[in-house]
Structures are given as structure tokens and as C-alpha cells.
Amino acid sequence: MRAVVTLLRRDLLLAFRRRSDVATTLFFFLIVASLFPLGVGPEPAVLSRIAPGVLWVAALLAGMLSLTRMFASDFSDGSLEQMLIAPQPLPMLVIAKVLAHWIVCGLPVVLLAPMIGLQYALPNDALLVLVLSLLLGTPALSLIGAIGAALTLGVRGSGLLIALLVLPLYIPVLIFGAGAVAASQHGVSAEAHLSLLAAFSLLSLVLAPFATAAALRISVE
Amino acid sequence: MHWSSWSAFFNMGGYAFYVWFSFGLTALCLAWEILAVRKRRDVALNLARLLAQDKQ
Amino acid sequence: MTSKGVTAVDLSCVRGDRILFKHIDFTLEPGGLLYVLGENGSGKSSLLRLLCGLIKAESGAIHWQGADVKHALEVFQSDLLYMGHLNGLKEDMSPIENLQVNAHLAGDNVNKQAILSALEAIDVKRCDSLPVRVLSQGQKKRVALSRLWLTKRKLWILDEPFAALDSTSVDLLVSRISQHLSNGGMAIVTTHQEVVISAQSTQVLRLSA
Amino acid sequence: MNINWFKYSSPQTFYPLAGRMIPWFAWIAVIFAVIGLYISFFIAPTDFQQGEAYRIIFVHVPAAWMSMFIYMVMAGWAALGLSLNARLPAMMAQALAPTGAIFTLLALVTGSFWGKPMWGTWWVWDARLTSELILLFLYLGFIALQSSIDDPRKADKAGALLALVGVVNVPIIYFSVKWWNTLHQGSTISMGAAPKMVTTMLLGMLFMALAFWMYTIAVALMRVRCIMLERERASDWVKVLLLKATGGNA
Amino acid sequence: MRAVVTLLRRDLLLAFRRRSDVATTLFFFLIVASLFPLGVGPEPAVLSRIAPGVLWVAALLAGMLSLTRMFASDFSDGSLEQMLIAPQPLPMLVIAKVLAHWIVCGLPVVLLAPMIGLQYALPNDALLVLVLSLLLGTPALSLIGAIGAALTLGVRGSGLLIALLVLPLYIPVLIFGAGAVAASQHGVSAEAHLSLLAAFSLLSLVLAPFATAAALRISVE
Amino acid sequence: MTSKGVTAVDLSCVRGDRILFKHIDFTLEPGGLLYVLGENGSGKSSLLRLLCGLIKAESGAIHWQGADVKHALEVFQSDLLYMGHLNGLKEDMSPIENLQVNAHLAGDNVNKQAILSALEAIDVKRCDSLPVRVLSQGQKKRVALSRLWLTKRKLWILDEPFAALDSTSVDLLVSRISQHLSNGGMAIVTTHQEVVISAQSTQVLRLSA
């Protein structure tokens, strides 16, 4: 247990040392969300129509791009080898790393999202649902992403490979998340979408750490 | 002088929130920046002092 | 089968489509030192990684204190210290922070004082608060090696610990290893340099390419 | 002659010089701000279309001006530092960036707080607003790049290069955004609808801009002193300086 | 000159050895472009309205994600040092590397784009303009991207930092590119957009190699 | 000033906020060997990178054949061969392909036959068509070093060329370097190992941390 806490604290410390890392995830989210109006045009009606989809895709991409960093430095400097031969249960260590990743890359996006929602002319209750859906959905993104990150360790160009492995698994999260916001835009209750999202997150919490641990063992061999 | 009273002044013709928020935020940001720079200076001075004493 | 050390039975290893080595047997008892020698590419690093469980043997078994490590991996791993070609240091953290974290992750208990004296022992205390990133090749290696002054583990597996070290550091390291051996520890070491470590019993395992 | 000038622009001589200049700029800034605020709240008349909300203009426009102006100055210092391989200009560029980013943010936020009562919305994808947003990204990129490189010399050079590339692109970005916006005639509001400027309004904005300008110089000088201390804390002149300071206290 | 050809051939050979890299850029483009209908909903009218913007943003992100790889492996295995001390003009070598990057990551996207345009119910002439605009615009993306890639060499979390540095500079390309397609959708001639795009590409061809070379020298120091 | 070799005049180097070294002067004439020795972290690698122009000196100058290299960088660089801590090999290509590409990039002309005999000379011909990725530490180093059998450049700058090599390879390398020197070449070498290279004139530059 203490190893878990140490690992979490170490990763947060490292993230803090490199504050710009945290900031860049956020700004990537912000920039991608701001690129779309430039491509699509500035009409508020169109923008608010596509807002749920765009914001969720932007959040998803921002979370995904930071995945490469989850294990890469541990792998290349040898810390991962040491974690694997440590007498601790590996899935627990994985949970610590995923949690650190979510705190650093997921949480800030959740907090920033309403501001960008304003740029897309989203009404207030849709904004609330947006935040809720991100809060319930982003942990699943980190958990599933960890499997991809572990599988592609030490593979050149892993950034894109991760995308390829992980995006199909992200699709349910995207559908429920964007669906929740769209529902509340249309005045329908978003509860069904949100509980599906929560269920999906729980499921990945149970399964993903084991899959990630197995993937790590394979990658290091 | 076109304000009939102080309360009219603070009310800003009904736009008090927007006007005072804008000016207030500006003042706040600038003040915060000054404080942040001073804090940075204190930290730097302390470190430099420690180092100077080390060397002696 | 009441050995208190490590025994390898008929180990073999295949990489790519080549058999790197086969029929490797040895027994290392407390106080014993095993040199693994051989040319470049003869399979020394592979053997060491295999002993730690980082790669799987093609055949054969490893016993620790009489039990097959397949069935008692945790026990074995908590007695084992491995240092490979990589240093296992975070470039953004200072030596002190690195050692602290590494010890916790390995399940050991250390305090800051101990770490400082370990760094002192191998003469990198001067760099203790710089980020590891700016250290030279040899300084990084020394920081990694200072774990040896902190640990109580019984079996040390060291892959080319002397590479990149200057001669004073080599001497310090040699005396630390012999101290460990005289306290009943065991060590498996690869090297290309001529280094003499005093031990109660020294074995040499020579791999050929 | 030139060489001499740059010798005197070394951190060692500039540090105390900057220290003496800061209070002057700070006080001038305060004076200008007082005049500017007085004009904006007590002399400038009420706007017949927008009511009192238009008074936001007195922070909004100066902040927007400063945000663009500081970027140009920053790029100028960066170019100087890169071409002369000198330290002081690079430090100045680094010292200006956060202030520029803050003014950009202020222009955006005060603009939004103006837009809400006037347009009924916090944000439209108008050309000016959009390019201001992009300017914010350019600032943040500069800051992020510098803070993620630890070797200060390397960070200086990399940042300078980025600022120069940015400055080549800023006009292109500005015009492309403008063009994009006029092509899609989505937003029905344009800022041309703003009322014609009364001279007092212009005067108020001018004084506020001057105040911001002086403030910027003062803060940048303070920050550049910090940067010098941080980078050269091991050098002899810092030690001498500190000893003098403690000697004076004792 | 021969050095340039050698470098180009080497990079293409390496890309060929790692075919999955090429494939992943493509699939990333494909997946991002396919995520939107999932997030936004299937109405053809909306989709064809947002198609130019979405396709261009997807192309831009796909190109950007592969930027990290442009110099990273040369940097970490020491080839870059050797390139810097070689008696060849560095900007020429940079051009070779950028060209290789474009052939591997830009060209396939150009070729795949019309297929995806079909999914978004784009008419034929808009598809043609889409291909043309990508053909003229993607070289600028590679060239400008190279500067960002060179500046962030050896910086941890460089993937996101590149995004932050480079995306604002990509905006003119995005605007003209998407604008060209949108214009032809509305029956207006796209010529003006396309020539601006070409001009921008030429400008970056002239300036970017020098900036990149300077950035490389800074990063290796 | 009609030296045919390399001269360093009053070089100094600053890393972080530390002065690594200052007032370094030396002259190396054809046939001469310069050892750069010093403890870990004393600045050997930094000095070598500085000589190649990879990092900038805080002050001082380097002359090549009488001319300041600042003004004649291309001439200097086409006479220079540098090998640092990194090998400069692509993991996905075979040794042969790597050497071919590296030679072209450096502006040299080599054919496949020459490459094969260079690999033969340092005894890694056996691995010539494996991807470099699967080679052992020492095999990679040897592939990188085989450039020395292919080049006609006059000044070799080698940073710890003997690290990770087994003893036969060390001997091969030593004899190649002395051959180069006896042909009128020059070499600057750092090492922590005791290695004797025969040369017409040997200088030692000792850096201290």
C-alpha cells in the first residue's frame, strides 16, 4: 500500500516539476476545441449543434495524446524493470499510475470544459451535464488508455499506435458522453446516458489494471 | 460631473456587475502579478544568499 | 535441497533463432561470488535478466533457498537486487528523491540520513540536489549504485557495474561488494574489466558466443 | 562604441540600474492611471447607445493594444539576443512574456464582459476576438517552451526563435482570420457599430494605455532582476552585491 | 546533394521497415474523421455542412501527431549529432527529412481524403477541391511542423508541447484549406483560396528549413 | 601559425552555473595522441563536444591547420570524426545499411565491400544483417566503431571508445588507432581504462572536477 502512495506521489511530483506538461494537455484541449470554428465557420447555431461532439472528441484526443507519457519514461530509464521485480502486486502500482495520469490530464480538462462550452454558445444546464459527463467518463479514458500505453511501450511511433488501439475502445464513452450533453440540449433527461457512463468506468476500473499489468510484463520481456 | 450620487456611480446605469468586474479583474491581475514577482525575487535572493554563505 | 543460496539447473535461452546458451548449471552459496564472463554478445545480460525473471528461460529452473522460484516469486524478489545496463533513475528528480522513491517501490525502508551517507560513500554527495539529468555518465551510474549501500538484500545481480566508473569509484564499489560477501551475501557480476573482488568462494562462468 | 554599450548592458551593471529605474516607472504608471481613471469615470460622458457599460472600453482597448504591442517588443528583444548572442535581450524577452499574456487574457475577459450586456453573448467568433485568442496561444507556447527547457541559454535561444517565427506569422494569421470571418457572414455584429469616439474617450484610453505601458516596463524590470539573480546566483557580482546589502543593514 | 538523397532514402526505408507507422497516421485520420459523426449525430445536412472543417482538422491533427517522430530517433541515437558536424548545409538535410515526413504522413492522407469525404456526403467537385487543397496545404504543415519538432527535441512530453507551438501557426492553412472546400460547396470558385494556400506553402519552404536548422543546433547544444 | 594540426587556445566551458574548466591550451600535431583524463563529471565529454562545435565555448578558440575553425567550419568538419557516448545507429537497420548511410551523410564514399571488411576487422561480420536492435551492448559499440576502418579523416575524437568492449575488441581498436597515428593522423581519446596506444607523441590532459 505504501508503495502505491509513494508511486502516486512521485508521479505527481514529477508532473509538478514539469508544470508545463499539465498546462499543455489543457491547452491542447483548448486549441483543438478552438480550431473547429475556424474550419466550420462562426455561426452560433451550427456551433452549438456540434458542440457536444466536438468538446468530447477534443477531451478524448487530449487525454489520449498524454498517454504515451504514462509508462514511457519508466521504461526507458529502467524504473519499470525495477517495478516488475518488486515484491508488490503490479495491478496496484498500475492503479497508482493511472490515478496520477487522471489527476494531471483528466481533471483539468473537466474543469476547463464549461468555459469552452460558452464559446460554443451552450446553455447553462447543458454545461452542467457536460461537466458531469466528463467527470464520469474521463477515468475510463485513462484506465483503458493505460492498456494501450503498456502494449505499445518501446515501439517506435507509439503515439499513433496507441491512438489506433485505444480509440475504438473509447467509442462507447464518446457516444454516451456526447449523447448526455445533446440530450440535455434537447430538454431530455441525461440520466440514462450518465449512468451508462458510470457503469463503463467501473467496469474498466475492475478489468483494466490487470490487463495493463499483463501488457507491461509482455512489453519488458 | 454627471453622476447624481455615489450610489448612481456604483450602479453604473445597471451595468455595475460587468463594469466593476472588468476593472476589478484588471486591478487584481496586475496586483497579483506584482506580488508574484516579488515573491519570486525573495526566493531567488534567499537562494543566492545561502549559496554566498556556503562559499565563504 | 536445503541450500541457502541460489541454484540454476540446466538453464537455456533462445533469442531470435539462436540458442544463446544451454546447460547452464551453478550453485551459489552465501558468501559466494559468481563472475559471468564472455565476449560481447555471448549472452551475459540475457542470463542475468533471466535469473531475475525478466525474460523466460527456454528450459531449466532456478531455485532459491531450495524452492523453485516459479512457485515462490515474491520471496525471491524480495531478496533480490538487480542492476542492469539502465540506471532506473528519473532525470527530473534529484539523487535523494530518486533513491527514496526506488527504496519505497522495492518495499524497503530508508531514511534520508541513510541515503545521504550512501551517496557520501560513493562520493556523489556533492551532486545530491541537482537533477539527475545534468549529471555526467559516471555520476549517474554512481547514484544508481549507491543503492548497494542502502540495501539488506541477499542476492545482488549486477550487469557491468564498473563500466563508465573512474578508478576511485571502482575501488569503492569493489570493497562494498566484498563487505557484502563477507556478511553472507551473494553476488553475480558481469564485467569486461580486470577487477579483483575478495570473496570466500569465487566461481567463474564463461559464456562463449 | 557599440561594443562598449553591450559591455555595460551586462547583467552585472544592469541589475542596479534597473533597480533604480523601477520606482520611477511605477510612480509614473500610478499617476497616469489616476488621470486615466478620472477621465474614464468622471469626465467621459454616458454613451447614448450603450449606457454606462461602454466604460469597459477604458480597460479593454488599452489591454488589447498592450497585448499586441508587447508581443512585438518581445520579438524585437528576442531577435537582438539571437543575433548578438547577448544575454540581457533574451532575459528581457523572457521577462515580458507573462505580462503580455496577462494583458491578452484581460483583453479577452473584459471584452467578454462587454459583449454579454451588448451582444447578449459571452463570445462570438469575430475576427478580432479570434486573433486575440490565437495571440494568447502564441504567448502560452512561448512560456511553455521556455519553462520546459532547463538550460537557460538553450531556453533563451529556443524561445527567441519561436518568437521570431510567431512574429512572421502574426500578420498572416490576422489577415486570414479576417478574411475567413467576412467570407462566412455568420456574425451579424461588427465592431464598426461602436459609437464614434469622443475626444475625451480617446484621451482616457490613451492615458490608461500609457499607465499600462509604464506598468509593463516596471514589472518587466522587476522580473528581469529575478531572472538575473536566479541564473547568476553563483557568480561573484551577486555575492558582492549581497555582501554589500547585508553590510548596509548591519 | 547525394547526402540529401541518401537521407531521404534512409528515412523512407526506415518508414517502410515500420510500415505500421504509415498505417497509423492514416488510421488516425480515418478514426478522427469517423468519430465526429458518432459525436454529432448522423444527419447528412449537418455532416456535409461541417465536413470541410472536420476533414481539415483531422488531417492537421494526423500530420501533427507524427511530428514528434521527425527528429526524435535521430536525436536519441546520436545520428543528429553526426548530421550537425557533417560538412553539408544543414537546411538541405532538413528539407530531405521534411520531404520524407510528407511522403510518409502527408501524401497518404491526401489520397485517402476523398473516400472519407464521400462518407460526409460531399459532392464530386468539392471532393476534387478537397484533394487539391490538401495537396497544396500539407507540405506547409510538414515544414512548419519541423520547426516545432526541432525546438522541442529532448523535452519531456514533447508531443503536446509541439501541438501548442505549432497549431496556432497552422491556422492560416486550416482557414484557406477548409475555406476552399466550403467555397466550392457553395458553388463559388475556390481559386483564390487555393492560390493563397500555395503561396503560404512556398513561403514556408523558403523560411522553415533555416529556422529548423537553427532550432536543431540549439536543441543539441 | 603554420601548424598542420589542431590547437586549442584558452578554452573554457560553463554548464549550468558551474565553470567546468578554463584556460585549456594544447597543440596536437600529426601523429600525436591526446588523452583526456579525469574523474567522472570532470568535463571530458563536454570538452570533446566543444571541440566538435556541438556546444559553444564560453571563451577561447580552436584552430585547425592554422585557421580559426569559426571561419572555416566546413573544412574542419570534413577532416573530423567524432564518436560520442551515443552510437548513431538506427535500431531498425542492419549494420551494413547503417554504415552506408552514415558514410554518405558524412560526405564519404564507401562501397559495400569496404564495409564488410571493416565489420570483419572488428569481428562483428557475423551480425551484419541482423537489425541493430537485437545486438548486445558491446556489439552495437563495435558496429559504430567500425567507421574507423572506413574513414580517411585526419582528426579522430573518441569519447570512451573502450567502454563495454571485451578485451579482444579493445586490442583490435588500439592497433587501429596506432596505425592511424603512424599514418600521420591525430586522435583525442577519453578513457577510464588503462590502455596503451603507441604513438609518436602522447600528451595527457587531466581535468579535475
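The chains carry the letters A, B, C, D, E and F, assigned in the order they are written, with residues numbered from 1 in each.
Just so we're on the same page, a contact is a pair of C-beta atoms (placed from the backbone, for glycine too) under 8 Å apart; a residue touches a chain by one contact, two chains touch by 3 or more.
Keep in mind the model is a prediction, meaning the values are calculated, not measured.
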item: Steps needed, at fewest, to go from chain C to chain E via touching chains; value: 2
Leaving out chain D, the still-touching groups: A, C, E, F | B
item: Which two chains share the largest set of C-beta contact pairs; value: A-E
item: Distance from chain E to chain D - Cα centre to Cα centre, in angstrom; value: 32
item: Whole-Å gap separating chain A and chain D, where each centre is the average of the chain's CA atoms; value: 34
item: Chain A and chain E: spacing of chain centres that average the CA atoms, whole Å; value: 25
item: Junction residues of chain A, two or more chains touched; value: 18, 20-21, 24, 27, 31, 38, 41, 73, 156
item: Residues of chain C whose C-beta touches two or more other chains; value: 91-92, 134
item: List of chain C residues in touch with chain F within their complex; value: 15-16, 38-43, 45, 85, 127, 130, 134-139, 141-142, 160, 163-169, 192-193
item: Chain D-facing residues of chain B, complex; value: 1-3, 9, 12-15, 18-19, 21-23, 25-26, 29-30, 33-34, 37-38, 40-41, 44-45, 47-49, 51-52, 55
item: In the complex, chain D residues that touch chain A; value: 121-126, 130, 133, 137, 140, 144, 147-148, 177, 180-181, 184, 186-187
item: Sites on chain D touched by chain B in the complex; value: 41-42, 45-46, 51-53, 55-56, 59-60, 63, 98-99, 102, 105-106, 109-110, 113-114, 116-117, 215, 219, 222-223, 225-226, 229-230, 233-234, 238-239, 242-243
item: Parts of chain A lying in touch with chain E, wherever the complex brings them together; value: 18, 20-21, 24-25, 27-28, 31-32, 35-36, 38-41, 46, 49-50, 52-54, 56-57, 60-61, 65-66, 68-69, 73, 156-157, 159-161, 163-164, 167-168, 171, 174-175, 178, 182
